[in-house]
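Next up: some structures, all given as structure tokens.
Below, chain A partners chain B and then partners chain C, in two separate complexes.
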Partner chain A sequence: MSVAPKREDYDVVVIGAGPAGLAAAATSAEAGLATLLLDENIGPGGQVFRAISSTPVTDRNQLGTDYWVGADLVQALRAGNAEVIHRATVWSLDRNLDIAVSIGGASAFVKAKRVILATGALERPFPIPGWTLPGVMTAGAAQTMLKSSALVPDGRTVIAGQGPLLWLLAAQILRLGGRIDRILDTTERGNYVAALPHAFAFLTSPYFTKGLSMMREVKAKVQVVSGITELAASGDGQLASVSYVAGGKRETIPADLLLLHQGVVPNVNLAMAAGVEHRWDDLQLCWSPVLDASGSSSVAGIAIAGDGAGIGGANAAVVRGRIAARAAVEALTPAAAAKLPAMATLRSDLAKAERGRVFLDTLFRPAPQFRIPAGDTIVCRCEEVTAKDVLDSVAIGATGPNQLKAYRRTGMGPCQGRLCGLTVTELMAQARGKTPQEIGYYRLRAPVKPITLAELAAVPKSEDDVKAVVRG
Partner chain B sequence: MFKRSEQDKRPPVQIFVDGVAVAARQGDTVSAALLASGVDARRSTAVSGAPRLPYCMMGVCFDCLVTIDGVGNRQGCLVPVAEGMRIEIQKGKREIGR
Partner chain C sequence: MTLNVDAIVIGGGIHGCSTALHLCLAGLKPLLIEKDYAGRHASGVNAGGVRQLARHIPEIPLSIRSMGIWEKISDLLDDDCSFESYGQVLVAESEEELAVCRARVAELNALGFTHEELIDAAELRRLVPAVAETCPGGVVSRRDGAANPAQTTTAFRRKAEQLGATVREGVAASNIRHREGLWHVDVGPESFAAPVLVNAAGAWAGKIAADLGEPVPVETVAPMLMITSRVPHFIDPVVILRGRKLSFKQFKNGTVLIGGGHLATPYQDRNETVLDWKSLATSAQTVFELFPVMRSAAIVRAWAGIEAKMKDDIPVFGPSSRHKGLYHQFGFSLHGFQLGPGAGAVMAELIVNGGSQTRISELGIDRFHPITL
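Moving on, here comes the complex of A and B:
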């Protein structure tokens, strides 16, 4: 069932079949370039358009029109000649544009003239006390189950956090007959004032009216508590209750399911492992790659499109995918670029899609206490390292995330820092009185997802490869 | 914790969780099928033995690790169910040879 790539060399390899990757691969193939699209999931769509070709939620109003845009992108891709492989996990990309990909338990290797990384975003860590308890999940996790399997919460459910996805998810759960007992809004009061100067751009963006009507839809059915300043999950081996402080008053409510969300951040692992330069983004509070206007990174031949290039949302991701693909076409077969929409048109599409983003980033900037935990709260879920452990290590000389590995193994578990990296950087920066940029991030390396030694050992080897490592 | 929407008309798929037959649907991931089934699907961590369930459902958190058809440490959220699939809730770290 698993199919290896048909060729060893491609003009363009796109990694990730979300909004950016679908658009990039379709554009590249349309221009006649040999295009390979590799994606880790079962089908196309990434997270925003998850299960777009297979969702059992067939009533179009329930997932909303913004979701079904994804079907057009998939159709455009399928109309062309791009080779598409799902359940394909790329575990290495280097400066020579050599790619290693694990498909069905075996690794294949391909080389590209241009690589477009469309590895998207993941939800920002939400390290509150008890966030590792069974019954605590991300809002995105619930949305994934809703889209791909029409599953909705039916126990006592609390949604906590902030940001557009939280309200969209709540609306979708209610439309499908699911249960939400309470929404705890963690947006800081001061953010409303800070965001005000950017409000005009947002008022004229398509997100404004949609967002407002969705919040109205949810608030009519669910009790919403705003101004949450503390949040904790507790239970013995399973979530039993959620406690919070709002307006100085503490309340504890029984719960079977707690869904957390405080925005999304670029999924940087593959790009960083390939050597792409990243910088700390003070507005979005995450690492973003350093890119030119076409999405080209500091590594020749590697471009980044979509939310992996800095959070911009699905509409911006689609346009960034087209821009990165057009730049690849211009570089490889300039004549074919004439068939594609002009770069100026694409850039104006992008400006439109990004309108209002600064407002959202400012309004939904997560509060420090939900980013930088204290005491026994777990920071690194894989190695079960607490905030106190990290601070103790700083006190005896750990200077940054990489030194911390030697002290505590943070970031060395299977998730490779995806769920703790930002927390560790900000926690250490605060403890040492430095900026996150000065503290830095984990040094990421291939394999960016775990593969077995057996799979590595089964990789075809030339005589030279064997000579290089065998003694005598 | 989760229930299936009535509009879901996908064909059933039977899987076995620690030897017990469980009804899933075609297109479910292993993790989604486990969470929908109501069985106690909590794994225990390799470090402290703490109980965990899937957290992200999108392949980044590794809290869905599970033994599938005799192979340990599989990310259940990335693997679709198949008829007759044998799932074991993984307690602790992966064992040598599986």
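Moving on, here comes the complex of A and C:
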């Protein structure tokens, strides 16, 4: 089933139906604005509330109470007049706020007065030796299968990495009867000390007790090895074993499945392709858009909410969505803004939701050796480029990620840098003695997600298409 | 303090880099100034067509000169630039279009040019088996081909620097002035002077020329390109259409580049372009009709490079009409990439010897401004 947008023009188009997008669209529609919510998945929820309307996991304890908060957001959205289209992949957004979206294999174009990007986060690349072997996948991918299909691993399973989501996933797998043989915690020992000054805010945040009890729950059932300083996957065409070093001691264990996770980073592709200015975030070690207090970006009319605005978690995402939508309402129909919660209230909600974030960011700052690979470890999966290849190109004159394309085609494959971009920036920065900000990032281009030639060919044409001039 | 060099080249596209390199080969020490980085704009992101085919007659001698350099590009640059030569084919989609092709080839032959060859349906099918059955023939230029534009421009820049060129990237040339027989140019805090100044600043060159009293009818354009995912190998030559805006090239890795000159909106001051997807859809539809094998391929990326287009579609190439020591090399109007190697060689000859065996007389800025030197 495919449903094209009902109109060509909207007051507000929200892209992404995770916590931020759901909240933004509901708020915008509540104020009476013509609102379109476009989302790539088959139902609302994004990653954190994935399959919230359809999950086969019905025991509420198994996915945790935080997950079911998503149901309220969906209900609020459905109570209003927002037009919602799922399986809708936005593949282009430009500074004129023209949006191209693929729905059921056909493209449509809509124009917005305001765009709220709520495209969320991606898992940070985890480029260790062997990470491209079949049998190695990201924790997020495993969680997708768990939430949407109640699938959990039953072979010999190792989870490696760090961060709150890793523990959440481990708990969810165990509750659903899945198997985890070992957890390899890559958190750097020094991070505990560095995070200490921020601990008070964290202790008084809702993350603390929940996080602690979840870790206890997992540790009671699975052997956890902490202080991992080296990690590699190996096998002949298929994962066979995981080897690691902890406390100076190397160990190798057989494994059928290795789940990797070292945090999430903003999904910047659509925003960057639209020309939104981003800056390197030295704490979160990623690119974040430059935004004002309402989430407005450097491109007039484009706001960003949720983890795409800088990682803040689901609670902060909801509030950021409301703030961005309220700002859009204030700009388009100031009178209608009176119905909505005051901006001051929303900002104080946000401060509360962001409490403890600095602690988490500091504690779970991934170690350099897991971000900046060496030697034959693959950096760019699409074009099979190794860390050594990148360094060799730097040695003969490649100065940044865009120049590197001329040497190695990094970032030019279908993933458009999602799996290699941060690694390439940090690797080149280290090699050239520059900051990531100085090194920069790939210039990203539409289509942000590939579309077929047949689909593009079916797009209604402009007049100017018959000219006798050919050029190469 | 002002640093003296032998020549100042403004613009790190393939033209500026090639001229800098050829000046080095002639024993000069040039300075190359690029406001972004070499190959940032049109030179690095064009379709990479190395084409003598279907050129305006005034630039054919320069194109032929360039072709000779392309064929030995590795010797010049120590880099193969991914140059490959499977010819370029102009496809006629109807008998009427084929008649135009026939007249064109006859005209070239009468002028003594033999690089374009008329082909019938059978030869067209042999060269491009995947083309639609209905096409009655076309024109081939067999020595033509394609190269990787970013790799090529980067290689020119690298070699020029190895041979002694000073390169300044990331800072724009400013405060260009002529004093006591020397051209002075500031680059950030630095100041350089030389008896020779080459204006090879692409989309930014028109303003430099105008500021020096030689305005020309030029506009900034941004031709769009898109590239597909990998598909099984099905075509060797570059294909362009006689009647519709399309050029088409499959690379060794299987990806297919689709171009043809549909334009994006350039925002020159921001180094940005906004694509026109409805025009790109037209290109997609043309490919869809002519090459059924491409229908399920995915478009993975589209982009546009900013460049200068002359009103008469012919570059501005050669000495200034007004100022001693000033040379122009811009306005290549969407077909400058192939000319880069030859234009650099000829420009170095003009600068060093005062003339060149390669005929460029119709490309000069004197077609807009009578010579007052």
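In the analysis below, the second predicted complex is superposed on the first by the 463 of 472 C-alpha atoms of A that agree within 3 Å, B and C clash if a C-alpha of one lies under 4 Å from a C-alpha of the other, contacts with A are read in each partner's own complex, and residues count from 1 in each chain.
Simple rule for what comes next: a contact is a pair of C-beta atoms (placed from the backbone, for glycine too) under 8 Å apart; a residue touches a chain by one contact, two chains touch by 3 or more.
This one's a predicted model, so the numbers in the text were calculated from it and none came from an experiment.
Once chain A of one complex is fitted onto chain A of the other, the partner contacts of A:G155 are limited to chain B, with no touch recorded for chain C. After overlaying the two complexes on the shared chain, residue contacts for A:A118 are found with neither chain B nor chain C. Legend: residue contacts after superposition of the two complexes on their common chain; A:G397 is shown touching chain C, with no touch to chain B. Applying the stated contact rule after C-alpha superposition, one finds that A:A314 touches neither chain B nor chain C.
Contacts of A:A88 after superposition on the shared chain: neither chain B nor chain C is touched. Shared-chain residue A:A406: touches chain C; no touch with chain B.
In the overlay built on the shared chain, the residue A:P450 is in contact with chain B and with chain C. In the superposition on chain A, A:P414 contacts both chain B and chain C.
Once both structures are placed on chain A, chain A residues 413-414, 450 are touched by chain B and, in the other complex, by chain C. Residue ranges of chain B in contact with chain A, taken from their complex: 1-10, 25, 27-29, 32-33, 35-36, 42, 45, 47-48, 50-63, 65, 73, 77-78, 80.
Chain C makes touch with chain A in their complex at residues 37, 39-40, 44, 47, 49, 51, 53-54, 88, 90, 148, 150-151, 153-154, 157-158, 169, 223, 228-229, 238, 240-247, 253, 259-261, 270, 272, 274-282, 284-285, 287-288, 294-303, 334-335, 338.
Those residues of chain A lying in contact with chain C across their complex are 92, 94-96, 100, 109, 275, 396-397, 399-400, 402-403, 405-407, 409, 412-414, 416, 445-447, 450-454, 456-462, 464-472.
Looking at the complex, you find that chain A touches chain B at residues 40-42, 47, 51, 54, 56-59, 87, 122-123, 132, 134-138, 140-142, 144-145, 148-155, 176-178, 237-238, 256-257, 267, 381-384, 413-415, 418-419, 450.
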